[in-house]
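Labels A, B, C and D are assigned to the chains in the order they are written; within every chain, residues are numbered from 1.
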Amino acid sequence: MKSSYNAIAGQSVERLAALSDGIFGVAMTLLLLELHAPLKESIHSEADLLHALAALSPQLLVYLMSFLTLGIFWVGQQTQLNHIERSDRHFSWIHLAFLFCVTLMPFSTRVLAEFITYRTALFAYWANILILGATLFLSWGRATKAALIRDDVSAEVPRAICRRILIAQSLYALGALLCIFSTYWSIGFIVLLQLNYAIAPQFGKKKSE
Amino acid sequence: MKSSYNAIAGQSVERLAALSDGIFGVAMTLLLLELHAPLKESIHSEADLLHALAALSPQLLVYLMSFLTLGIFWVGQQTQLNHIERSDRHFSWIHLAFLFCVTLMPFSTRVLAEFITYRTALFAYWANILILGATLFLSWGRATKAALIRDDVSAEVPRAICRRILIAQSLYALGALLCIFSTYWSIGFIVLLQLNYAIAPQFGKKKSE
Amino acid sequence: MKSSYNAIAGQSVERLAALSDGIFGVAMTLLLLELHAPLKESIHSEADLLHALAALSPQLLVYLMSFLTLGIFWVGQQTQLNHIERSDRHFSWIHLAFLFCVTLMPFSTRVLAEFITYRTALFAYWANILILGATLFLSWGRATKAALIRDDVSAEVPRAICRRILIAQSLYALGALLCIFSTYWSIGFIVLLQLNYAIAPQFGKKKSE
Amino acid sequence: MKSSYNAIAGQSVERLAALSDGIFGVAMTLLLLELHAPLKESIHSEADLLHALAALSPQLLVYLMSFLTLGIFWVGQQTQLNHIERSDRHFSWIHLAFLFCVTLMPFSTRVLAEFITYRTALFAYWANILILGATLFLSWGRATKAALIRDDVSAEVPRAICRRILIAQSLYALGALLCIFSTYWSIGFIVLLQLNYAIAPQFGKKKSE
């Protein structure tokens, strides 16, 4: 009896995309909510205010990093959904799990910003990136198994999507391991990795795009 | 005079779906907003931070439970709207009542997380689930009565939707009653029930999906 | 030079609808954010918790009232946008003004909830409802003047929309005036008025719907 | 290898529009979240409450100004996306950078509201407007270079869009420079400029619209 409801539930890719955009939009805006204006009592001159704002720049960098992370996974999820014909219950629930990981990101960010020299904080942040990648990988597996992918999608696409997730996650794991030396090495490596994915510089391979 | 406005108001299923995705998206992300990073003053070593984060795991479990609840009702509402041809004023207002219950969920969650051994907190949480189910049931009744359902929907679908709501609500009520023994029995039963609905394991009935 | 940009700007009804659903969704969910769980220190028994939750019911009623207000204006705006063929810059900006009034509603609600016996608080709340109605009225005027309305809309529709806004605003003003006697009279009248609009009971006029 | 994923990623204009509406919606509603109701302890009469609410009007004006800023850039981005056929990775990431600047706006607003006589605060606010304009200008450059613009768009449109951004940013820069005399001159000039863009008065040029 249960399966006949399950067979008709959760089939709308549009609703899934809309909920995702809602959750990403709120999470991305809430990141910055923790960035407080300097206290009025402590500011007595233009120079004071300039220094107080400059002192916020490390925090701003951490929020930028998490905005990049969320942006990368938003593009990744969008790319999957663009190649999907329809959804089903399992696919919807894998994406709900993915979205739960998205809502965890502001928390992981705050912990890392607060405890930037602690390996535990860095591993918690990396674990968040790992489960984001894992749910996205599972989602593509479900799409393949349940034949949810659009007919006009070339065989190259699924391979490119899986390869991208596996390579990115290997590099993130390598970045996390760099904290054997120092958490700053890890953070620097991850930020450079993210900027590379965001900006996607093209060294003499114009034609492939 | 009033009815001529009422005859043209609230007819867009797309707008209703978009508002729902907005409200669900905000409610789902706000759940986690209450999860605060450990205080910097109380952390002096990696072990301190690890223990502080581990101490947050019961809270994290409660937020996961509420994310599951909201996910289940989001899938449930989506399934209804997918089978609807058009909306009308009454249908829109029943869904606005449903969405009001959605915005209550973060509050019910906070009360249960704070007072996990109190039956009153458990009943308040269960009451929230009950009114979510009741408004969704009313909504389907209105869709049937006002002929809002799409023509190509088989007669099996309305029955499957009603049956699912009634069975799920009976099991939730049973779970709430288990607090005669202990609130932990209730919570455990409800979480298992939700995971069952989310994961939908298939014991040898592959073909029915 | 300016007008050539203005001639191409702000033409998407879909984007306007999506932004509106985002703002309404956030505003409706934020209303409840102020509803705090009872303090753990003050609760020592099931009876304590029950009383503490019961003591929140007047606040809950105020949030329900504002949810109703936002719901009524969401349905009202949706009804207008459903009858629009396209948008233009002026129409978009009138709706942005309307949305600014929507974002004011959580503030007006908090003031009224805090100072429920003060006529000033009641007038501030009523002023918010008034400007919501005024911007919606202006928006319809612009739609008529700039021929944004869909061709297949019967001549009855614009009249029904204007009439509804004028009658509702007259009744709201009457409700606000009742505070000569007591603010409770005003609040009671406005809540009954809103429930009437939400539920839309039909006294023997089934066929007109 | 990387480029084959990049060739298929981030192509949905609809998803980009939906994420933008989500982020704009949250940012616009959060602006007002900082507007707190007067404290109950300090209010003893209707006159007290009236004065307390009147004392909030400068703050309300600052929030209105930022709502105008966000509204202007929302209309600007919408106008670009309306003329786009499809998106690509670079275009999506330029818009994600634009959206990051949108999430900075509530912070800039709070700093300016708190330190209204400080040139540093005014320059920070202006810098935020500048990067909003710069990313929007870059986005249009990418759309032109990668041939993302719809075929039916006349050659006049790209020129009108670029001209509008350059003229507006020149006027904003002039406004910021006015703080040589006083920050109030700057703020007054910027607010008048924004109202001019929002209301777009037409001095005897009806036909051009």
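The rule is simple: a contact is a pair of C-beta atoms (placed from the backbone, for glycine too) under 8 Å apart; a residue touches a chain by one contact, two chains touch by 3 or more.
Keep in mind that this is a model prediction, so the values were computed, not measured.
*Asks:* Check the residue numbers that chain B and chain C use where they touch, and answer same if over half are used by both copies, otherwise different.
*Replies:* different
*Asks:* On Cα atoms, by how many degrees is chain A rotated relative to chain D, nearest 5?
*Replies:* 90
*Asks:* Measure off the straight-line distance from the CA centroid of chain C to the CA centroid of chain D, and report it in whole Å.
*Replies:* From the centre of chain C to the centre of chain D is 25 Å.
*Asks:* Between chain B and chain D, tell me the centre distance in angstrom, where each centre is the average of that chain's C-alpha atoms.
*Replies:* 36
*Asks:* Among the residues of chain D, which ones contact at least 2 other chains?
*Replies:* Each of 18, 21-22, 25-26, 30 in chain D touches at least two other chains.
*Asks:* Which residues of chain C touch chain B in their complex?
*Replies:* Touching chain B: residues 17-18, 21-22, 24-26, 28-33, 35-38, 40, 43, 46, 49-50, 53, 64, 67, 71, 74-76, 78-79, 81-83, 156-157, 160-161, 163-164, 167, 198-200, 202, 205, 208-209 of chain C.
*Asks:* Note which residues of chain C are touching chain D in the complex, please.
*Replies:* 1-12, 14-15, 18-19, 21-23, 25-27, 30, 88-90, 92-93, 96, 99-100, 103-104, 106-107, 110-111, 114-115, 118-121, 124
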